[in-house]
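Chain IDs A, B, C, D, E, F, G, H and I follow the sequence of writing; residue 1 opens each chain.
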Amino acid sequence: MIEYLVFAAAFGLLLLGLHRKVIARVQMRPGPPVWQEILHALKFSFKSTWIPKTASAALYVGVVLVGIGIWSAALFIVLAGESILILFAIYMLHKVVEHGFGLSSGSPYGKFGGVRSVISAASEIPLFVTIAAIYLFTGSLLLRDITAYQAVHGPFLLIAPPVAIAMYLVILSKLPYGPFSIVESKELVSGYKTEHFGVWRAGISVIDGLKTFVLLYAFVAIFVGAVPFWAALVIMAVILVSLSFVCAITPMLSPFDSVTIQGLITGLMLAYVGYLWWVMP
Amino acid sequence: MKRKTVSLGLAASATVIVAAWAALAAALIPLWAAETAIVIAFPALVIFLGLWWRAPGGEEDIPFIGY
Amino acid sequence: MLGEFLHILAAATISWILFVTVDILFRLPEAGGVSGASAVARDIEAGGGALAGGTMMGNIVCSPDASAGTLLAACGVYVAGIPGGLAAALMVFIGNRICHDPGYAGTTGAVLATFVVYAFTQVGFAATDFIAGMVIAILTIQGLSHTHASRLLARLWRIRQ
Amino acid sequence: MPEIGGSDLFVLEFGDILHYYSPYTLTLFLLALIFTGLAILSRPEGQVDIAFGGDAYYAKETAVSEMRFRRFMTIACGLATMGAMGSGDIFNFTLFASLVGITNVGIVAAVKSRHVLDAAYEYGIVAMVATLPLFGGAALILATTGTLSIPALAAGAIAVPPVGKALLALGVIGEGMAPFYAAKAEMFRAPGAPYVIMCSLSSLLIFLRVVEIAITI
Amino acid sequence: MNAVFVLGLAILVIGVLSVAFVRPKTYVARLINLEIPAWGLLLVMLAYDEALALLTFVAVTAISTFVIVRLMEWRDASC
Amino acid sequence: MIALYLVAAIAVFAAIRVVIERNTGRKLPYANVMNFAVAGTLVLLLDHPLSLVAAAAYFVGSTLEANAVASTYAGGVKR
Amino acid sequence: MLIITRISRFVSNFQNLVALFAGACIIISLAGILSLPLGFEEQQLYPKTLDPASSLYPYDRGGVPFGTTEVVVQYPENSPYAGYVTAYLTPLSQYLADHTHYLGTTIVAHPGGIIDEILYNTRGLDTVVETSILFAAFAIASYLYRREAK
Amino acid sequence: MIVALQVAFGLVALLGAVSTALTRDSYGKVISLGILVAGIVPFIVDRGYLDVAITVSLIAPVVTIFVLMAVRRAEA
Amino acid sequence: MIPDYSIGLLVAFASAGVAFFALMRETDGLHRLLLTDLIEVVTLAFIALVGTDLAEALILPGLVVGVSELIALSEIYRVKEGYVRPPAAGLRIEVMESAPGILAAILVVYGIVLSGFSGGAVAGLGVIFYFLCRDHSERFELIETASGYSWVFWIVAFFVFMLLPQYWFFAVMLAGSAILVKVLAKMSLIGTMRGGPNA
């Protein structure tokens, strides 16, 4: 159990390091080493730690714990093949955790990061379109049923490509340096993470690692189906590299433009699901 | 927080995780119970571990408000 | 059919006489009981009517007076005989208090009308005739022509004075 | 009943109204519980503002009476959210959603800032207007199927009109403003993180729950 | 399909239209027009014999009218 | 029966007169006639002691309404 | 890109929020009209039977006081005493019921009618939530009012 | 109720509703509202809900007085 | 029944559409508040169309939700617009001196007989009407406390129903009277929230 968690966190951080490296290479920079993110996590955990004077202490500490807790739970859910609805619920609730990070310290930068994270809630809506479309095909939302369906009918990636694109975009909006990453844009210092330093920041790193791992793994499980574990890891890395390419070549959007584009994508997806619902027996 | 509290917390969370792991291996408790225990204990473990080996804490300060 | 019509017309005449008499005896045309009555009187006068008659009409609008007493007494007699009429009188009394009316025209009218209506029911009239009759009677005062009705009432008021 | 959130763990009975918890709703319930606990435990932060034209800064203080009132509203909101997570009856769910809406307004209405109050008012109008789709949807479902119980609707081969579902979803969106966060973002500028965060959490949670309901029935 | 029901729906529609497109566009006019759909709804409830709901509805409508009037009073006092 | 029809006819007539009259002060007497007619109808429709109470309540209520309208129209009590 | 920017500007102003929501509601209303006619399910919970001759009209649902009454509820096994409240009349309401014919609403509104049965017993949680809403709304109003008054 | 009476009072109620909607003067609106109520009360009585009719006809003037407060303010 | 329901639904949807259209075009705050009140009416029409006893029991919560949100929003609007000066005594007409006592007494007595929500609303209206016309110097907190306790009583009654159903009679009486007091108190408080001596 615990070994899965540690592995997932470490591998997720490694993927994030890869992400930075690929972006740097695309942009003709040398970039940091691939394990830079793991080093970061360790470095922060050695640093001196306290709680800011103005912070709302319980919330300030609590969100870190909650953040690690929900993503650990998400990992177990994916591994056990439980309902993807729970997974997506946790994904949406991550928003609230980000918000808690931003607001609890009293820092103006953190606050703006938190507010932006709230504005970008539109990015989650494509998820529900994904859910609805999958439900139309399988009649179940349990991950093991979805895997079983794919074992019979082939991967969803080929059955319903637009749905896969929707989820791809959702993952994209969660990655740093992407077009929709308005919460972490550099005019806000480090966005909602600004005031969480030391051990707290190490906790955030664990969260990020787990989150990246879980989302990519879920993508593989939902759209590719049952593959050996090593193959899943390879596919995840490939997907991540493709995401990094997108991040590297697109500009960051302004907050409300990002919301609008995500809303439009949702509308398109909704139309697609409506079409599916119409043609399905 | 005092060093002792941190050590205790670290020990407690580690114990919970190990106990859950062992009990699951011995089939004493169902999978979901072990998972719940670990989900609760793991965040505490991460934070306490960091606090346990960290450098001494600094003075309380106001947030960062600009360069 | 025709007989009922005649009954209703007769009842209308009787109620008309009854309530106009009581109202004039209780000095309704003299002054508006509330400011609203005066306002109605003013508007009727502006439309070509007489002030005293307008005042009385305003008072009828603003508070249950003898006409209302007659109507409700007829209703009371219709549903429950003499006790019904007296109950109606009580309700008119309460109505008067609610409407800030200092006088007792309505109550008196109701008590009188109870006995009148009851007496007429003994000689072949139905109480319903009086209900319809009272509505016709009030129609002639308030509903056909304000100008003429108010002048008529003013003339009657002058006789009383 | 399609088990989209996993199989039922346990059922609470209140007469005709059931409360049931599947792994999915239980997860949501626990999160609401955790954040309500955090709101009870923590004191509001002092928001740091920079005074223009210098290096000075000041921290906004939240008055004690205001803090207590908002904490009360937050707890009420948390309880309402927890209720909505488990509710097995559509009308009951809509009532919980309305309670979430009104407490959300309450959490920010105590702030003495014109800007925040403006946003709270706009949001309050939407929350109030959203009772039409909510109750209308519930009534439509009741009329066309003859029952309000979610398990009963999910079990039988009863056709729930899509309009009813759409109304329900739209109503919850209005109460919680999950996708249109513009007004809420304004509300979140208010100080008092533990309380404000509950606005966000509760609306997300009821939205997640209505998705489950709409798929199940 | 009885008369009360039809009448109620007709008055409801008239009322909704009159509130939505109120002339003259003042608060008072809108407030008074607001009563029309309320009475229409009352007739609809009457058609379904929902007497108790009807009774409560009348009382609550009066209270909400009062709430708005009170708000308008404060507004006039301060402007 | 004739009484009922007659009263109802008078109610309609009075209602029309109220609507076409333009002056507020002169509207009220017509409305008064209508109230008389409706109060009479209530009793004639349902022969029961309680309908007397209903008629009285309706009549007193509408008179109070007319009184309030007229007094407000007059500008209230002069002090 | 221009259209996106314009939409963003519209959405970002929270004054437009009500309009946005109202627009969505109009669309759903149109969808509702297009989906007509919708069938009315005859098998309803708590159906009505009207008996104009009863002194409890329109709320006479039969049954004996302190005995059971047939009430169609969703989960009869959860409310073993369903139907007791329906038949029950307090002394005052019993008196009114014996002596008058047209006070059905008043009598049944007095504790112990079918509506009380639904509101308090079988669907009691609705009432709890609903009073909580009133309570919360009132807390907001009175807090704001008293803060101003100070 | 007899059809003729239904028509008559329905007409009164509709007349009241339409004239409330179209009248521009506030006092006229309030009086028209009275016509609307006058048209509706007979329907309630006809169904046999006398207690409801009593309460409704007592509450109606209360509403009117509330409205008149606003009317008075608006014109003053 | 079937055509009835569909026609009613058509009217209700159309009304909703019209009301929302007006709301969409409206920008003024107070007008918006008035339109939300209109939308509440349309909401209730949806529920009323079901026409069973259950529908009737659902109308009552719908009503209370509407009016309570209206109260809260109107207060927020007042504070947001900064209307802080309490209004002077409003309407000065004769009936305001005579009517309230009697009418309020009738309404309150009738409300107590009715009990439950309906009774609370009717009696509350009576009390509001009384406070509106008279000077009032009662204790604000006292009424709030009474309402709070009656709320607790009602919750107790609810749990009696659920846990000890054999005492249902006691619970019915407790619930009916507690709700009465609660709604009455809340509504009458609105009447006192007009500024003035006890503000």
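Quick notes
FYI, a residue touches a chain if its C-beta (ideal position, glycine included) is under 8 Å from a C-beta of that chain, and two chains touch if they have at least 3 such contacts.
Fair warning: this is a prediction, and the values are worked out from it, not measured in the lab.
Between the interfaces D-I and G-I, more contacting C-beta pairs are found at G-I.
In terms of the distance between Cα centroids, subunit D is separated most widely from C.
A separation of 49 Å divides the Cα centre of subunit D from that of subunit F.
Mean C-alpha position of subunit F lies 28 Å from that of subunit I. Centre-to-centre separation between subunit C and subunit E, using Cα means, comes to 33 Å. Put simply, the C-alpha centre of subunit D and that of subunit H have 40 angstrom between them. Contact with two or more other chains is made by residues 53-55, 66, 73, 105-108, 259, 263 of subunit A. Of all residues in subunit B, those touching 2 or more other chains are 62-63, 65, listed in ascending order. Residues of subunit C in contact with at least two other chains: 34-36, 94, 98-100.
Of all residues in subunit A, only 53-60, 62-63, 66, 70, 73, 82-83, 85-86, 89-90, 92-93, 95-96, 99-100, 103-108, 111, 114-115, 118-119, 121-122, 125, 128, 131-132, 135, 139-142, 259, 263 touch subunit D in the complex they form. By the touch rule above, subunit C contacts subunit F in their complex via residues 1, 4-5, 8, 34-40, 42-44, 46-47, 57-58, 60-64, 67-68, 71-72, 75-76, 78-80, 84, 87-88, 91-92, 94-95, 98-100, 126, 128-129, 131-132, 134-136, 138-139, 142-143, 146.
Residue ranges on subunit I touching subunit E, taken from their complex, read 3-4, 7-8, 11, 14-15, 18-19, 21-22, 30-31, 33-35, 37-38, 40-42, 44-45, 48-49, 51, 55-56, 59-60, 63-64, 66-67, 70-71, 74, 77-78, 81-88, 90, 114, 117-118, 121-122, 124-125, 128, 132, 187, 190-191, 193-195. Interface residues of subunit G facing subunit E in the complex, by the touch rule stated above, are 48, 50, 58-59, 104-105, 108-109, 113, 115.
Of all the residues in subunit A, the ones that touch subunit G in their complex are 254, 256-257, 259-261, 263-264.
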